[in-house]
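Here chain A shows up in two complexes: once beside chain B, once beside chain C.
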Partner chain A sequence: MSIVDRLLAIDRRWIFLFVLMAVTIPILLPLGLPVTTTGSTRAAFEYIESLKPGDIVWLSFDYGPSSAPENDPMAEGFLRHCFKKDLRVVVCALYPLGGLSLANSSVAIVAKEFPNKKYGTDYVNLGYKDGAEAVMRRLGENIADAFPTDVHGTPISELPLFEPETVPVERRTIDRVQVKAPGSEVRMGIRTIGQFKVVFTAATGLIGEYWITLVNAQFGTPIIIGPTAVSAPKYYAFINSGQLKGMLGGMKGAAEYEQLLGRKYPELSKFYMETRLFTGTKGMDAQAGIHAVIVLFIFLGNVAFLLARGRERKG
Partner chain B sequence: MAALFTLAVLSFLYKDNPIFRLAESLFAGVSLGYFVGITLDQTLKPNLFEPLRTNFNLHWDLVIAGLLGAFLYMRYVPRIGWIARYGLTTYVAYYIGVEFTRKVHGEVLPQMARTILPVRGFDFSGFEAFFASPGMLALCAIVGTYSVLIYFFFSREHNAVTRPIARLGVWFLMVSFGAAFGFTVMGRVALLIGRLNFLIYDWLYPIFGL
Partner chain C sequence: MTELHFDTGRVLLLICFGLVPVAGIILGLLAPSLRRQIPLIVGFVAGIVPILSLYIPKRFLSAAGEGMSPRLDQYLIIVAGFALPLGIVNVIQINSRRVGRGEKGWPFALALLIGLLLMGGFGVYGAFSGQGIGFLPSGAPTPFQWMTDWFFRPLQATIFSLLAFFMASAAFRAFRARNVEATILLIAAVLVMAGRVPLLDFLAYPFPPLHPLAASLSQTMGRLTEWIMDVPNSAAQAGIIIGAALGAAAMAIRVILGIERSYLGLGKGD
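The block that comes next holds the complex of A and B.
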């Protein structure tokens, strides 16, 4: 059997083995390859940097465990950035299969790193709500209609983050029939999604697109998206049209965001070097290795194909 | 358990085997069961059952929505399967209405506006600067968009003018598909990296006290 025939007939399990080695070796022996940043990630980072302490942002966990290796690092990186900037964060989950548990675990992990942040005042977890598009439409009218309580069952009108205030209510009548008794009611200062400075959606599937085409289009709220790498190409059209403030594309985007965080905040750089948690930066060495393996096999496959075709033409 | 099931699923790469089948069936069953539970607890209970139970007079119209949803399951009974068409029609009509506004207002119009670009602002100071200049990017966007649209115009046969433009559109499409494929590979590999990272750092290392 000639070498061309061997290459064309190679058992796929050898390729799987090479891929396994290309991923495992960098995990066991980190290479520390540099991570370059792209314009879309820098745009997202700089937009958050431009916000002032006390500004309110929305973080939506729109992914499940199936894409957690890509979306977890970007959601947690964004949350760390918000806490460093002293922004107020409202967290929710709109993905039905596991979105809530991922939101709970990520918020718990990052909140532990920032013990000075107080639940209810600096950040709130509203939990999961089914319906995606319907929820977004309700958020544009009244957040309390979509999320009457937080994940712990506390009415959101009792959470200081939403700036509740008790206002006197006068007696109201229609055609001399009383429709509202005199008294007082709690009104929230933060009532609609339009009052938020940005929505960050860590998304898989269509939910990320809904934020752009519903919330940004109808209510004008700026959106930053952290999609999976599979979905990232389609969002470049939204970046070019100005509908997105930035994008973190897949695990690479998460690694880029962590790089930017490390450059701006040295304590976070130290954290990302020492943590045992899975981060985007840790995955980049393995990504580089496996991409090299894939390119090598594509090259070998094409060489074998061209040699075989040349041989057929000769003989 | 998570580590063992991960290894069971990955064992398929060597050969199909009963352990993989067990893991696959469990995964499918547990996912479906979880989804049914979530739907009952997070969708039907707060949006249908509880409002009807607590204040029927205010929420009586939800009965219509509930019935339309139940009608969809009538297709499993051949004699009354025709009832399912009412539920399906309402479902499809609702989504057409919602998606039409969303797509037009949120995608078509803003992105169409973005293709109306001034072709100016070329930077001739260097090779890289030229191809990164606003004028060049605008030119690429315009040429790419219109050549691809001409490629997909099938109402008339391509002639000597449109055929080369359509061919250029094919090149743009192939480059886009290549970029999308590259991103897809990166995405799938990232999931593998996450799984192996879990196996090594969250399973093997603690076993060996590392």
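The block that comes next holds the complex of A and C.
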């Protein structure tokens, strides 16, 4: 049996072994490879940077444990950014398989890093609700209809974050009962998703798309998405159409966001260098390793394939 | 004297989703052909109301909290909630039968049932005890959260991570330059795989003199990847999304008009 034939008929367990080494070695011995930033992540970061302290943002955990290594670093990076900017954050989970538990864990981790942030005033966790599309439509009418209580069972009307305050009307409010013109002032609490400066959805599957097609299209709220790398190609079309403010595509997007956070906030750069938590930047070494293995095997497979085809044509 | 408030939206919904189905059940018992007609009427109303509410600015149709359309959204959340217990009952029925009969793979069915009862039990306990299913005020995890952190998350992550092994093996066997189309796909795939990560930096890691060159080439490849994603990929994705949206709209119209009846368990001819 020639080398070409052996290569074409290679036992897949050899490939598995190389994959295992490519993933485990960089995790055990981090290489610290450079991460370059892309336009979609920079756009997301700059949009959050443009917000003013006290602005209110929505963070939705729309993924499960299967994609947590990709989505967790994005959601936590976004939450750190919001807390650094003194933005108020409302958290929810719309993914049935473990979305709430991931939200609880990530919020607990980041809240511990910012002891000055007070639950109920600076951030709120509304918990999980089934039926993502219907929930989003209700959020456009009245948040309390979709989430009457927070994750602890406290009615949201009792949470300081939702208490009425006087706010300027920045865009025409989509409210069929009372239309307010831009420039006027109105005394109101946080009532609908239309009042939020942005929705960040860390998403797997279709829920991310629902935020764009339902919430952005119908209520005008800007959306930033953090999809898994598998889903990311779809969302480039939404970025180009202006329906997305930005995107953190897969673990690379999370790592890019961490780099941008580190550059803007030196204390976060120190944090990301020293933390024992899993971060997107740490994951990139392993991802580079596995991509190298796949590209190498594709190259070898094609060389062997072309040599075998040449041999067949000759013979 | 209290003023009588006639809530048109609520009355219409009560008629469409309360009286009509009840009347349908009764009439269906008397005349079997009506069993097909009444669900179609209910489906038509449920489908047409949200569309009309967007174009007809009437309070009974679209007013927040009291219009027919917002109320239907509320119903949808409740119906979606009912889908969960339905699924749980189905899982228990199928797997308990498998365990009871000692069918092939029954230990897996038993493991599934134990997992379901444990996680579900801790969830229900959290709800009734007032603890919830997250963390306690002391920061300690509730039993549900503990199970999630130490069982559910690692198990799901393990299953998903196996994909890396199978994808590498499949890529080796499937990505072959067999013809022009396959070669274009192959080149694009390799460029994107290489450009999304610091691949050249990784390969040049053991050779420090090559680091600057690798970094420079990596950046160029990254820009090329971005162009591929931003232009050809985005154009193709937009086409797919528009096509799928038009297909979904056409299907919705078919369902609303009663042409598509498979959701009722009926074929075209029924």
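Observations, loosely collected:
The definition used in the following text is that the second predicted complex is superposed on the first by the 290 of 315 C-alpha atoms of A that agree within 3 Å, B and C clash if a C-alpha of one lies under 4 Å from a C-alpha of the other, contacts with A are read in each partner's own complex, and residues count from 1 in each chain.
Keep in mind that, in the parts below, a contact is a pair of C-beta atoms (placed from the backbone, for glycine too) under 8 Å apart; a residue touches a chain by one contact, two chains touch by 3 or more.
Values in this document were obtained by computation on a predicted structure and should not be read as measured data.
Once both complexes are superposed on chain A, the partners chain B and chain C clash. When the shared chain is aligned, no partner comes close enough to touch A:312: not chain B, not chain C. Contacts of A:104 after superposition on the shared chain: chain C is touched, whereas chain B is not.
In the superposition on chain A, contact of A:69 is made with both chain B and chain C. Of the two partner chains, chain B is the only one touched by A:27; chain C is not.
In the superposition on chain A, A:243 makes contact with chain B only, not with chain C. In the superposed model, A:278 makes contact with chain B only, not with chain C. Look at A:210: by the touch rule set out above, it reaches chain B but stays clear of chain C.
Counted by residues of chain A touched, the larger count belongs to C, out of chain B and chain C. Under the contact criterion defined above, the residues of chain A that touch both chain B in one complex and chain C in the other are 16, 19-20, 23, 66-69, 96-98, 129-131, 133, 229, 232-233, 237, 240-241, 250, 252, 287, 290-291, 294.
Listing the residues of chain C that touch chain A in their complex gives 57, 62-65, 67, 70, 73-74, 76-77, 79-81, 83-84, 130, 132-135, 139, 144-145, 148-149, 152-157, 159-160, 164-165, 167-169, 171-173, 175-177, 186, 189-190, 193-194, 196-199, 201-203, 205, 215, 218-219, 222, 226, 229-230, 233-235, 237-238, 240-241. Considering their complex, residues 13-14, 31, 34-35, 38-39, 42-43, 47, 98, 102-103, 105-107, 110-111, 113-114, 141, 176, 179-180, 183-198, 200-201 of chain B touch chain A.
The touching residues of chain A, when paired with chain B in their complex, are 13, 16, 19-20, 23-24, 27-28, 66-70, 96-98, 128-131, 133, 210, 212-214, 216-218, 228-230, 232-233, 237-238, 240-243, 249-252, 276, 278, 282-283, 286-287, 290-291, 294.
The touching residues of chain A, when paired with chain C in their complex, are 10, 12, 15-16, 18-20, 23, 31, 33-36, 38-39, 64-69, 96-98, 100-101, 104-105, 108, 125, 129-131, 133-135, 137-138, 141-142, 145-146, 151-153, 175-177, 229, 232-234, 236-237, 239-241, 250, 252, 284-285, 287-295, 297-302, 305-306.
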